[in-house]
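Take a look at these structures.
There are two complexes below, and they share chain A, which is joined by chain B in the first and by chain C in the second.
Showing the complex of A and B:
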């Protein structure tokens, strides 16, 4: 389960060494924008060695490789895939074909390395107008797709609008991505909040993303992780309610009733499914139920 | 009547200072202090030799002292803390006689017991009257508390107060009373305010520092000690202050009112006092302007002497009633011995200060340190110098996990139950060494350049010279 993903520059040993302890559910080793062309090769080695030697227990490992229209992406995958990162973040994914191109090469490497098929997931980074419009086709392009990821900085440049803290300019892209991802039954992650000095604004931005249906959110500053983790964790009230739902359903079954109401509202299948997801998440996070008995 | 004399030169002459005697200074003006240098220059000019300087601490601003050492004006040195600029020269062997390091509590105790008698104490005072009543709370060079100067004033054979703010007699709200003072000298400036206190002390924004601070606050929260009446001390380092901030949030949320905050006081502890986290602050030294303003205006914020703060073997000291202290380390070994005297190359760059005193007194003494600094793991097999013995250290907090001294099995269980990342200290060492490799042992010189006197007055460890490479 990933609520928060933290970008770590692939050329900064100090950040890479400490990446696992900063509180992120996942870290994104960045070989793309954070690394200048002159440093691509060095960063690749550094990230590979970090994956190989550092203990990231409890923290998933994602690598942002360079996009498929560059000369770097295959070498990036050659370097990192033997270290079995959980996910590859594929920048500038505009079409299903972009995703399939990466998928084909990853498949080839998996076979070569003797890794199980689709053991390394793919997360297309949607950061162009074309990508937003093709979001569903990308999300449904292959089995390897684990999630969609919204990148608002490049997207707003492509849209020729200004990136603002309120984010009205990306409202469409956000809702479009959530719908596309859910339709394709994959996860969906929100763009980072970029003002590293605004410790309050991150809460508003994370709450908005959660309200829209995002699974979680990326961060470029470790100081934003607490807000993201808390926002995307179920609240104790939500956990309580989820248990009540399941108990009500169990009782209805025992009494041979088809339908049952809880707190004046009919319990239907989607509510049960949501309750199950909440409890599953709470268990993974080790959150207690206040009145489980 | 007046005790005013015309100059430091005259005061030196009147004090009867002679070859082989001991002079003393306090360090409340820290790296902004002018007084030690002014006095030592007059002493050198007077042709006096072979003196011992007993200073509560020495900072880089006191580098002219090295010239007096080379010229044999000064042949003995005793301090609780020596910063890197002077420490390096000492490690290279500038003095023939080893420096004596004591703790902030051990120094006044040894002065009081006559183990380290002082012939003439020179007391820099930001405000004083003509009879020697003086304080650090007022004046253009205000430093707040004068806690470290009391023992010098009370036990030195002669006491000279040096001020740049002569006040009408009698000075209101004095710290040190005229009954201890022989002479008063007014000078243009006793220090540079910029070096005396910092404008504000900032908490760290370093993500690793914040992780450690968050761990530290959670250790305190789950230690069983955080309840009404709680007492606390922390240093002015970035991660320690961040821990205090997290602790404040926890105390406010749980509506816990502590009894006192202790030690070197920063604006963050003042914030905690004002927010109701403590009933009192007990202040042996102010670190920033906010602390100075608070000790001047808030009766809950009280000056205490170094003796009252930390002296071992006295009838009692505040550290004996301290619940939690957060401390730093340059090295810590697998037996939890801590080094705060030398750097990674073996050069002197610090000293115990109140480290050993508070660690010994506090119910929970916690070290916050990163798993590695630059190229070296923080945990070693054996520290270069034992500044504070491992038996008084309970917990080491790093970004890579929390190590609990095996002597504290109950505490360890509490932290494990709270879901905190508790690890064995050997594991932390190995974890760091997997990244940095195992560092080679430092080359050790063959001459002792400093004796580290433990808080009970025993010789706890020695520091060797750093051999100069050919």
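Showing the complex of A and C:
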């Protein structure tokens, strides 16, 4: 389960080697925007070695490769796929065909390397107006898609508007991505909050993302991880309620009742499904109803 | 394939290593500077020579300035410098 993802510049050894201990559920080794064209080759080798030799137990490994309209992306995949990262973040995914192009080459490499099919997931980065409009087609394009990821910096440049802390300019994109991802039954991750010195703003931004339905959120600073992890973890009250729902359902079944109310509200299938997701998440985080907070 | 060009990789920043390499004629000539020379000099030299061997470099003059890099970082910087020196960098 990924609540937080931390971007690490692909050619910065100091950040790469410490990436696993900063508190992120996943780290994103960035071969794209954080690396100048003259250093793409160096970053590729450095990230490959970091994946190969460093222990990232408990922290999923994501690599942001360069986009499929560059000369770099195949070499990026050639370098990192043998190290079996959990996910590939594909920038500037504008159409389903962009995702399918990457999927086809990853499939080729998986076969060559003897890796199980679809063992490396794909996470399209939606950061253009075209990508937002095609979000569902992208999310549903192939089995390899694990999640959609919103990139607001490039998106607002494409939309020709200013990126603000309040984020009104990306309201449509956020909701559009959540709906598209859920319709395709994949996860969805929110864009980073980019003011690394605003310790209050990150809480507001993360709470908004959670309220909209995002699975989690990316960060460009380790300082934002606590806010993201806490916001996207179930609260004690939510865990308690989830257990009460499942207990009420079990009791109704034992009594042969078709429907049951809890706290004055009918318990129906969506409430049960949400309760199961909450408990599943709590179990993965090692939380339970007594000591979650 | 032997080295064709003089090339470098890495930086002088903390936790990194800077590597310079140029075509040679008389085996591997290695010049190593490190902030942890006393403790890890031998291990660093071994790592550098291993990478050169893996990449079939038999004749080259190599200078490595280690700024407290982990072995995987040193290996990456040497490999990048070699690939650049062979004209194979992408």
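Definition applied: the second predicted complex is superposed on the first by the 290 of 293 C-alpha atoms of A that agree within 3 Å, B and C clash if a C-alpha of one lies under 4 Å from a C-alpha of the other, contacts with A are read in each partner's own complex, and residues count from 1 in each chain.
Just so we're on the same page, a residue touches a chain if its C-beta (ideal position, glycine included) is under 8 Å from a C-beta of that chain, and two chains touch if they have at least 3 such contacts.
The structure presented is a predicted model; accordingly, all values stated were derived computationally and were not measured.
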Have a look and say if chain B or chain C is in touch with more residues of chain A. C
Does the superposition put A:283 against chain B (first), chain C (second), both, or neither? neither
With the two complexes superposed on chain A, say which partner A:53 touches: chain B (first), chain C (second), both, or neither. both
Is A:111 in contact with chain B, with chain C, with both, or with neither (first, second, both, neither)? neither
For A:222 in the superposed arrangement: first (chain B), second (chain C), both or neither? first
Quick one: classify A:17 as touching chain B (first), chain C (second), both or neither. both
Is A:247 touching anything from chain B or chain C once the two structures are fitted on A? First, second, both or neither. neither
Need the overlap of the two footprints on chain A, from chain B and from chain C, as residue ranges. 17, 53-54
Tell me, which parts of chain A touch chain B in their complex? 17-18, 21-23, 53-55, 221-223, 286
With touch defined as at the start, can you tell me which chain A residues reach chain C in the complex? 13-14, 17, 40-42, 44-46, 48-50, 52-54, 71-72, 75
Using the touch definition from the top, list the residues of chain B that touch chain A in their complex. 205, 207-208, 210-211, 399-400, 419, 431, 434-435
With touch defined as at the start, can you tell me which chain C residues reach chain A in the complex? 9-10, 13-16, 69-73, 75-77, 79-80, 83-84, 89-90
